[in-house]
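In what follows, a single structure is set out as structure tokens and then discussed.
As written, the chains take the letters A, B, C and D, and residue 1 is the first residue of each chain.
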Amino acid sequence: MKKLINAPATVLADALRGVEAAHPELEVDHENRLVLRPTAGTEGQVALVSGGGSGHEPLHSGFVGPGMLAAACAGEIFTSPTPDQMLAAAQKVNTGAGVLFIVKNYTGDVLNFEMAADLAGDEGIETASVLVADDVAVEDSTWTAGRRGIGGTVIVEKVAGAAAAEGRPLAEVAAVAEKVSKASRSMGVALTSCTVPSAGKPSFDLPEDQIEMGVGIHGEPGRTRKPLASAHDIAEELVSSITADLDFTGGPVIALLTGLGGTPLIELYVVYAEVAAALEQRGIEVARSLVGDYITSLDMAGCSLTLTLADDEVLRLWDAPVNTSGLRWGA
Amino acid sequence: MADAVTTATLQNWLRRAAQALSENADYLTQLDSAIGDADHGTNMNRGFTAITAKLDAGSPADIPALFKTVGMTLISSVGGASGPLYGTLFLEMGKNSPADGEMNAADLEKALRAGVAGIVARGHAEVGDKTMVDALDPAVEALSASVASGATAAEAVTAAAEAAQKGSDATEPLVARKGRASYLGERSAGHIDPGSVSATILLRTMSEALTESAG
Amino acid sequence: MKKLINAPATVLADALRGVEAAHPELEVDHENRLVLRPTAGTEGQVALVSGGGSGHEPLHSGFVGPGMLAAACAGEIFTSPTPDQMLAAAQKVNTGAGVLFIVKNYTGDVLNFEMAADLAGDEGIETASVLVADDVAVEDSTWTAGRRGIGGTVIVEKVAGAAAAEGRPLAEVAAVAEKVSKASRSMGVALTSCTVPSAGKPSFDLPEDQIEMGVGIHGEPGRTRKPLASAHDIAEELVSSITADLDFTGGPVIALLTGLGGTPLIELYVVYAEVAAALEQRGIEVARSLVGDYITSLDMAGCSLTLTLADDEVLRLWDAPVNTSGLRWGA
Amino acid sequence: MADAVTTATLQNWLRRAAQALSENADYLTQLDSAIGDADHGTNMNRGFTAITAKLDAGSPADIPALFKTVGMTLISSVGGASGPLYGTLFLEMGKNSPADGEMNAADLEKALRAGVAGIVARGHAEVGDKTMVDALDPAVEALSASVASGATAAEAVTAAAEAAQKGSDATEPLVARKGRASYLGERSAGHIDPGSVSATILLRTMSEALTESAG
């Protein structure tokens, strides 16, 4: 394993020191492993708290700031943070208007945020939670844990953050988040496995001529293994999987093509050219797009496509100012 | 009374568990690589290292307090799915343990049954979903049967550990319906569930601790 | 070789289609392989034109937009673009105030931009050129080609872009660019080689336990090969090499830690924590910082540190609004 | 006259060069991987493929026009260091060639000398800097000597190609002072310079074309 780290056990603590050094505008609570924006100026606004296992940067710490998250709780690599972290975050950022937890649908994240919500309730903090479960590679069933939350999370955090910044009440911010979550679908592909630092070796072996379709963001194997294909064919499969699951022809769409950590931007643009063509062919109108590393899986090579069916409100909130290290415009 | 389970025995259990989980951390992580995210060994090791540190710092007053401390420590140090689930196990065991300093076999059965019920209430997994419940549920049933037939606590927990082992082994062919492995669908078959192995380790070390104190 | 591409020969053309699809606010000239911002609203401003081999994204196309470059000329992977591309760019973006060529110091880039400047002169377009040669891993000598231009280029483009946006004349914009270029020093480290698509295999072999110190951004081997070291030790070597070459204690510093394409953000933060500590220890004050992928080397794992000695003017221009896909604030 | 070099012979040369550069593209890129950026083969192949396409589309009127087209094509299709340098070689050869349709050995010597001088003027490399000049400079010297001693154009260029090959081989131990390889300092020693090899290929194929038309 070759990584720019000091030791597997200190990766998260060290990275948080780096975040603190690079972003003096943010507060880093090392004890609770939180990245927070100052609350000054956000009085009366709903505070968005998200978090999850680390290794997906810039998600979530890179999305803390005006117009997006109030706090991010950082778990160990690929491990949900704990309820006490979430409670500490809620206590620090709540200005009285309540806290929205944005939770990716993994058993660990769900359970820990559930406990945190209970604890916050005990402390008199009003909370609501929205679950993101957008990965079409996973079959949706009431008998299972349901779908994973991946790229849709970025869109939910941005749009809900803008709604919060408008001063809307908790129920409305939660409803907007819910709407965006329900209107988002994603699908990813891996060219290589990632390597979890404490594991010290790749989570799975993938021969030089094979790829994994339908991977998540935790080095879990995908749904199917296939021969390495062209960017065109891969884009076609991502798009057809997503559009088979939800009809995106009805309205404008926000498209997010994220790298998974080990894939350079030039390749993402190559894929995005094919994605755009595949969408146009299907009569789907891309109103906004993002291409780059937004939600990653350590050093995995590959990409993940997210489409969100938007309406005027969602586009307006998408366009609203945001000022974070990972996403910034109008500010 | 030889069959009494004291806080000292339980602490011995927890230290043995910490030791065994540390020794098996790589193995558990390897199992989690196959159908999860390669952190179960690290998670359990982190949690039980924290528990050992808590025990080193001073003993809780009684068994309910001990279990509560363990549960809270797991919840605040593990994260992931296993943190809240094992945390709940111990919190529920704490709520269902006698405060008078000792447990007999029946007490242990009651506590463990409540603990496992807590895991099921939290995680909504049933036997056959390919989770720790596949080891824990048969373990509790074996414990009950042993206790009902008059076994000592040590004997009963040894039977429970054997049942857990069988339940864990039986997860191999299953298609997961809960937890991270469920995302793999059919591809989750052919691998043992890591949580069922850590659960078995907990029961096996409990059996060792009880057998040692009984012998 | 595992890449998200269609074919080695079409990587650049495909990526430009992706840039066009993802950034409707930009113009892409496929024939000349240019990415351009609209000239409307820039009348009377000096136009900055840069370019170079592709494979360093977001540099340069990601820095085209208000407050930074007017045009980027894209060469083949790691190959300088040609004079006719540069001339076409100059013709398209010149609004009468002249064109500043920002050139990384490679023989190919220098010769091609030289020819372009001659051609532009023939067309009556006033040009000036600034050379960036900031890599301290390369010995500086009048007998050699001199130092490579790497991370300093990003800082030069940003600061000079802001000077141009202020409407300052060509000579002044060039002087600012020159000042920043002279005040910048960089040093990089590779954990892996990159793979040039048309070559099909890694440019160099690096054993699992070895790293290359002092690499450039073209897969050329570095100055020395060493055993894999901790982030702390690597940061220490980067900082000491840079600060041995120029005294940075005298003023505020802009720090850029860029990933080289295959290194995830979490590792960059781990390194930046150590960089910040190493600088503080030396009494060097970091006034502004950037951590992320800004100038890359295809899929190489590693990072490169750049320090620029700034003054009030440079900091003011650094803080000025910029609106590009790769760098955006105040807009 | 058997010693006359016609545009047809020169076109034959350029097509042979294109063929040889295409066959050696991987080798040139491999040499460039060791001390450069792994693109020299791709660059030369791209440039000479473009030249072949230009020739297929129609022949320039005379030798100066032919060389000018080749030079401009290289400049606008190759990029990198080799594009402007080889482009300059041909532009200068064009400016220093007779417009009457044929060249003799002396004409060729004059043109090539001017071309190589153009490269040196542009790139400021001297013999020993570990560049294409290490092949081209001795090639011109050998050409001059041969021509002075009364050799035919074909014989003289064959001698030049041999000198180029020697010059190229001699780059191996050198520490580069120009081009990308110079960034490596001492580590550039022990590898042949890729540009000196492509230059040798140009001279070797020229020798083949001239020998063929002379024979």
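Simple rule for what comes next: contacts are C-beta pairs under 8 Å (C-beta built on N, C-alpha and C of every residue); 3 or more make two chains touch, one makes a residue touch a chain.
Here the structure is a predicted model, which means the values were calculated and not measured.
In the assembly without subunit A, touching between the remaining chains defines the groups B | C, D. Each chain's centre was taken as the mean of its CA atoms, and the one lying most distant from subunit C is B. Inter-chain centre distance (subunit B to subunit C, centres taken as mean C-alpha positions): 55 Å.
Between subunit A and subunit C the centroid-to-centroid distance comes to 29 Å (mean Cα coordinates, whole Å). Centre-to-centre spacing of subunit B and subunit D amounts to 76 Å, using the average Cα coordinate of each chain. Residues of subunit A in contact with two or more other chains: none.
Of all residues in subunit D, none touches 2 or more other chains. Chain contacts here run in a simple line, from one end chain through to the other with no loop closing.
Chain pairs recorded as touching, per the definition above, are A-B, A-C, C-D. The residues of subunit A lying in touch with subunit B in their complex are 53, 75-84, 106-108, 111-112, 114-115, 135, 137-139, 143-145, 147-148, 196, 198-199, 203-204, 216, 218-221, 223. Put simply, subunit C touches subunit A in their complex at residues 2-7, 11, 14-22, 54-55, 57-58, 62, 191-192, 208, 211, 228, 230-232, 234, 261-277, 286, 289-293, 296, 298-299, 301-303, 323, 325, 328-331.
Touching subunit C in their complex are the following residues of subunit D: 29-30, 33-39, 42-43, 46, 75-85, 122-123, 176-180, 182-185, 187.
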